[in-house]
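Worksheet: one structure, shown below.
Naming follows writing order (A, B, C and D), and every chain is counted from residue 1.
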Amino acid sequence: MTKPGRYGEFGGQYVPETLMNALIELEAAYTKFSQEPEFRAELKALLEGYAGRPSMLYPARKMTQDLGGAQIYLKREDLNHTGSHKINNVLGQALLAKKMGKKRLIAETGAGQHGVAAATAAALLGMECEVFMGVEDMERQQLNVYRMKLLGTKVTGVSSGTGTLKDAVNEAFRCWAGEADTTFYMIGSVMGPHPFPMIVRDFQKVIGEEVRAQLAVEAGRLPDCVIACVGGGSNAMGAFYDFIDSPGVRLVGAEAAGHGVDTRMNAATVTMGETGVFHGMKSLFLQDDGGQIMPVYSISAGLDYPGIGPEHAYLASIGRAEYLPVTDAEAVDSFEYLAKVEGIIPAIESAHAVALARKIAPEMGPEEILVICLSGRGDKDVQSVAKYRGENIHE
Amino acid sequence: MTKPGRYGEFGGQYVPETLMNALIELEAAYTKFSQEPEFRAELKALLEGYAGRPSMLYPARKMTQDLGGAQIYLKREDLNHTGSHKINNVLGQALLAKKMGKKRLIAETGAGQHGVAAATAAALLGMECEVFMGVEDMERQQLNVYRMKLLGTKVTGVSSGTGTLKDAVNEAFRCWAGEADTTFYMIGSVMGPHPFPMIVRDFQKVIGEEVRAQLAVEAGRLPDCVIACVGGGSNAMGAFYDFIDSPGVRLVGAEAAGHGVDTRMNAATVTMGETGVFHGMKSLFLQDDGGQIMPVYSISAGLDYPGIGPEHAYLASIGRAEYLPVTDAEAVDSFEYLAKVEGIIPAIESAHAVALARKIAPEMGPEEILVICLSGRGDKDVQSVAKYRGENIHE
Amino acid sequence: MNRIDATFEGLRHRREKALITFVTAGDPDMATTEALVLEMIAQGADLVELGVPFSDPMAEGPIIQAASARALEAGATLPGIFDLVTRLRSGGVTETPLLLMMYLNCILHYGKDRFFEACARAGIDGVIVPDLPYGEQVEISGEARAHRVHLISLVAPTSRDRIHAIAQNSEGFLYCVSSLGVTGTRAGFATDFDAFFGEIQRHATVPTAVGFGISTPEQAKALAKYAEGVIVGSAVVDLVAKHGTGAAAPVGAFVKALKNAIRE
Amino acid sequence: MNRIDATFEGLRHRREKALITFVTAGDPDMATTEALVLEMIAQGADLVELGVPFSDPMAEGPIIQAASARALEAGATLPGIFDLVTRLRSGGVTETPLLLMMYLNCILHYGKDRFFEACARAGIDGVIVPDLPYGEQVEISGEARAHRVHLISLVAPTSRDRIHAIAQNSEGFLYCVSSLGVTGTRAGFATDFDAFFGEIQRHATVPTAVGFGISTPEQAKALAKYAEGVIVGSAVVDLVAKHGTGAAAPVGAFVKALKNAIRE
């Protein structure tokens, strides 16, 4: 990292001046509280006593045997309360908000995963919460909208732009700009202006730290490869971070290639994107000829984002991590594979990581260890996979 | 217990002679393996290393504060892999089946919870699996049907009778009667002929044992009251069993009262049922004037069963446990309550237990401890609760 | 003397095998059942089983399940079945044993003692309870005996060590289940009948009858050699399903063919 | 001398406040924008901002968001906007400063140096980049300066400790954001303008202009007293939304009213 908030050339704080004070205040508060033993103890209590951490590191013996290469472990974030790694981040941010004396939480959401997590944290900590969600996404994800309402959160539709995640992010920033004194913006991934990418990464790095500790006990050594899917990049950064300075650990991110990187229907930011500035950060983005942000596509709603967190862009630029595209077809195939082989239905996001593992593991030796970050569970995706397979399912 | 397989007058083995040998073989195998350290170690490894046990005992501080009585703890079976206590049972039974040299597993399912758990265990242990499911239930629960197929299980529709859970049980027994030499029947609750109620209870009693151990650490003492919902009764028996001989622990089961016990639309077996023989056991059943088994109703598919496990019937008969009816309205209300207050969306089954806790906790002292067995998570129920509230949600 | 015992004794004297046929009472209505019973007896049935419909006939295959559902739908009840038996007994069926085949819950719900008293009064000679295996029979055996109604025991190829005890403690006749699984019609049998019946006959104190899956005169003939009687259920019920209230003639013809087949 | 500096100097001599108006370029089409710019200048606009449409205008409220979307839909591009500016400059708009208001990504994507060169060539005097706060301006400030295009700084009521540095380092004019949140029309302002502008004026080295939410001549007049200029955007764009290609007349009338209000 070059200067605070920068990862090489990436990162920064590209936001309207109206928001700068809020970012400065946030950074100061985070710096203060994240070093206080009390804050750390409270967060630990929430993670262990509510989210269910540490999450299991599961030796996938049948998969290992089937692929005939590296020993495969699954980091079971799917077993967390609310079903994904998103809870790690929202508990951290909500607690921080509470310490900062904020009364109100806001968040953006795409398919609703981060929104549901945010609403959960808000309910638990007794705070008001409003989630911005594209109207297209609301229509597609009515169940998650209802879930957020059940948790006591107000869901506000965003009809500007494509009516999807990126527009919801825009709207959350706009809202925050108007009321940052009372309101805390809980961003959903390692994205946005500094200090968000740092804060979210810090709240997610528990994933990799646990992997290190668990493997030390299980195998007495480091993993040889860690694979995670990358939307904004929070579960991947969480899984990678503790290993960045261990050069023997290969870090691989799975990007959503949708219908293929040779089509316009993908969300493979590192593979296909260009450096740009968007959502407050300098990073890699899928853009058209005029520098307009492109509509993106993936079967996986959680990977359907035209950018990537700046720290990932940096790791890609220096070659410390690789980011490889995985198509819808490969992801669905691996979704089905893990269900059949291990009795675990992964989130379709996580299935992208599984797909890469199925390519990489057989090329590794049987003494080597490959860890897949299983970022979430797939209950939410069964319907769309069925639809993908041409089965007409209603509930 | 009076004689093996009997709980007072309840229990027994009321099955066709064609099945008796299978039951005898099962009992012998269970007796043998359940005492072997190797079997116990393997099961423990599955429960801890796959299902995610021990499940958290969560102090529900906001709920405690809100109700102003006993200290409330939630036993978080919802955090288990596949989202409910059902996994405890299927891992035990599937492992037993494997030890017995069976190639094939069969199971019945109502809404699909036990079926999905069974399919999961089968996938994990690499065994063939067929699940019987009423055609009505299949139509209502297409997602779970697809989920089972994803896990590699064959789902067979049962159109006889009411095309629901009880008919699926009938069909599973019929199937088993024809091929018990190769096939293991994994029953889904503490029901059916001996030794099933005992086996399932033994595989579920880990719930109560963990509660005891966890509370000993947390509070240095026993709970004063344990509440669980009762369909067939497996999560309740699992939660109660370790405390039966501790007379200071009040045991309360929540029965589904559907539209009310003054209507025909309920499933409140202890409150409204009579002693009878069905599904291989003597117990309490909802029956009509002619001794025909009644169609039952509850908003909760998992409690929608016309009987109850024989050990519960016994505990009710001797007054050791109470079984109180909870209506749909009360359950939905408590479903919403727990979401808002603790950020936990419970299974609608478990919400029945929460509803009783909301009545009982305020009558207890602040030094007393009440444990709710949160048998499962409520993602599966969001849609039907929305429908109950008149919201039209599609996916 | 119980009509079952008398009937088997008479058959033994005549060196004949017993033909035992089954219909579900009240399918499609009680009048048809009455006609069917009379016709089956006229065409050679030596004993008749009346199935008491139950919502959840766990031991039955699809044919009898469906008949049971039709009968319940048509309003069949246990009191109605007792009335039918009473009518049959007063209408000339004085010698042929009539049995009820039914699930335990209906007996318990009616009241055990009251039930067997009603059996005796109406003229029921035996009761077959598929979900009451040997070992649980104490549940109702006292009441049955008090009213001189035979509780028929079943024995299956999988009964193994239990065959001895079941055979020795049976009354009326011993119902030998010819195939695993549930009732229904079958193309063939996987059972090793020589071994199975060898074991049974070593211990049996009452006549034996074989049933479950017998649907043709040929099958009846082939199995008749192992036992004193042959039981045919689903195949009859199947004809009732097809012919409804007009089933008496085809059922009669079928029963006649069965009786001829086991008579040769 | 940059036209912005010259214009403010002239206004100061005449003891007039600057009226700065905004339209989204290409909404609903370039010809209309051209007509609007000419009409606004004719009716008293002293500086004109052209909004470069962006897919994701994070600092904008619904009115300008919608205009941006309409312009993109109609095919507006940065080269097209440079063409428009070139046409305006060769068509007689020689003195009035023209500024681009746009998001950083469009500049980076076009190429920083190439962009400012194009600005200079076409006759753009300043660039307002809402997502480039003081502190990140080094990103493009070198290139801007090389081509003598002013990079306009914004300062907000929440800028607090930053006001000093921003004010001291600004060029052209200092864009003082009159309300929090995004652009748009507002009924009232919660800002303590005396304190805010007191702090700004203590440090400002260039003229100040106030904007964000000013939609009526009355508001313009009330706020004009704090600064050397008043910026009106959404209210103009709203008229374009309503009147489309026929917006020149109503926009002209509105601009005239605004200018009159701040002239008194």
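Rule of thumb we're sticking to: a contact is a pair of C-beta atoms (placed from the backbone, for glycine too) under 8 Å apart; a residue touches a chain by one contact, two chains touch by 3 or more.
Just so we're clear, the structure is a prediction, and the values are computed from it rather than from any experiment.
Participant: Counting only Cα atoms for the centres, state how far chain B is from chain D in Å.
Facilitator: 67
Participant: Please tell me the distance, in whole Å, between the geometric centres of chain C and chain D computed from their C-alpha atoms.
Facilitator: Roughly 97 Å separates the two chain centres.
Participant: When the centre of a chain is set as the mean of its C-alpha atoms, what distance in Å lies between chain A and chain D?
Facilitator: The mean C-alpha positions of chain A and chain D differ by 37 Å.
Participant: Can you list the chain A residues in contact with two or more other chains?
Facilitator: none
Participant: Which word fits the touch map of the chains here: line, ring, star, complete or other?
Facilitator: Drawn as a graph, the chains make an open path, so a line.
Participant: Spell out all pairs of chains that touch, sorted by label.
Facilitator: According to the stated criterion, the contacting chain pairs are A-B, A-D, B-C.
Participant: Inside the complex, what are the residues of chain B that reach chain C?
Facilitator: The contact residues of chain B facing chain C are 12-22, 160-161, 166-167, 170, 173-175, 177-180, 274-280, 285, 287, 290-293.
Participant: What residues on chain C touch chain B, complex-wise?
Facilitator: 54-62, 65-66, 69, 72, 77-78, 103-110, 130-136, 139, 153-156, 158-160, 162, 166, 177, 180-182
Participant: Name, in rising order, each residue of chain B that touches chain A in their complex.
Facilitator: That would be residues 49-50, 52, 56, 58-59, 62, 76, 79-81, 83, 119-124, 126, 141-143, 146-147, 150-152, 335-336, 339-345, 379-380, 382-383, 385-386, 391, 393-395 of chain B.
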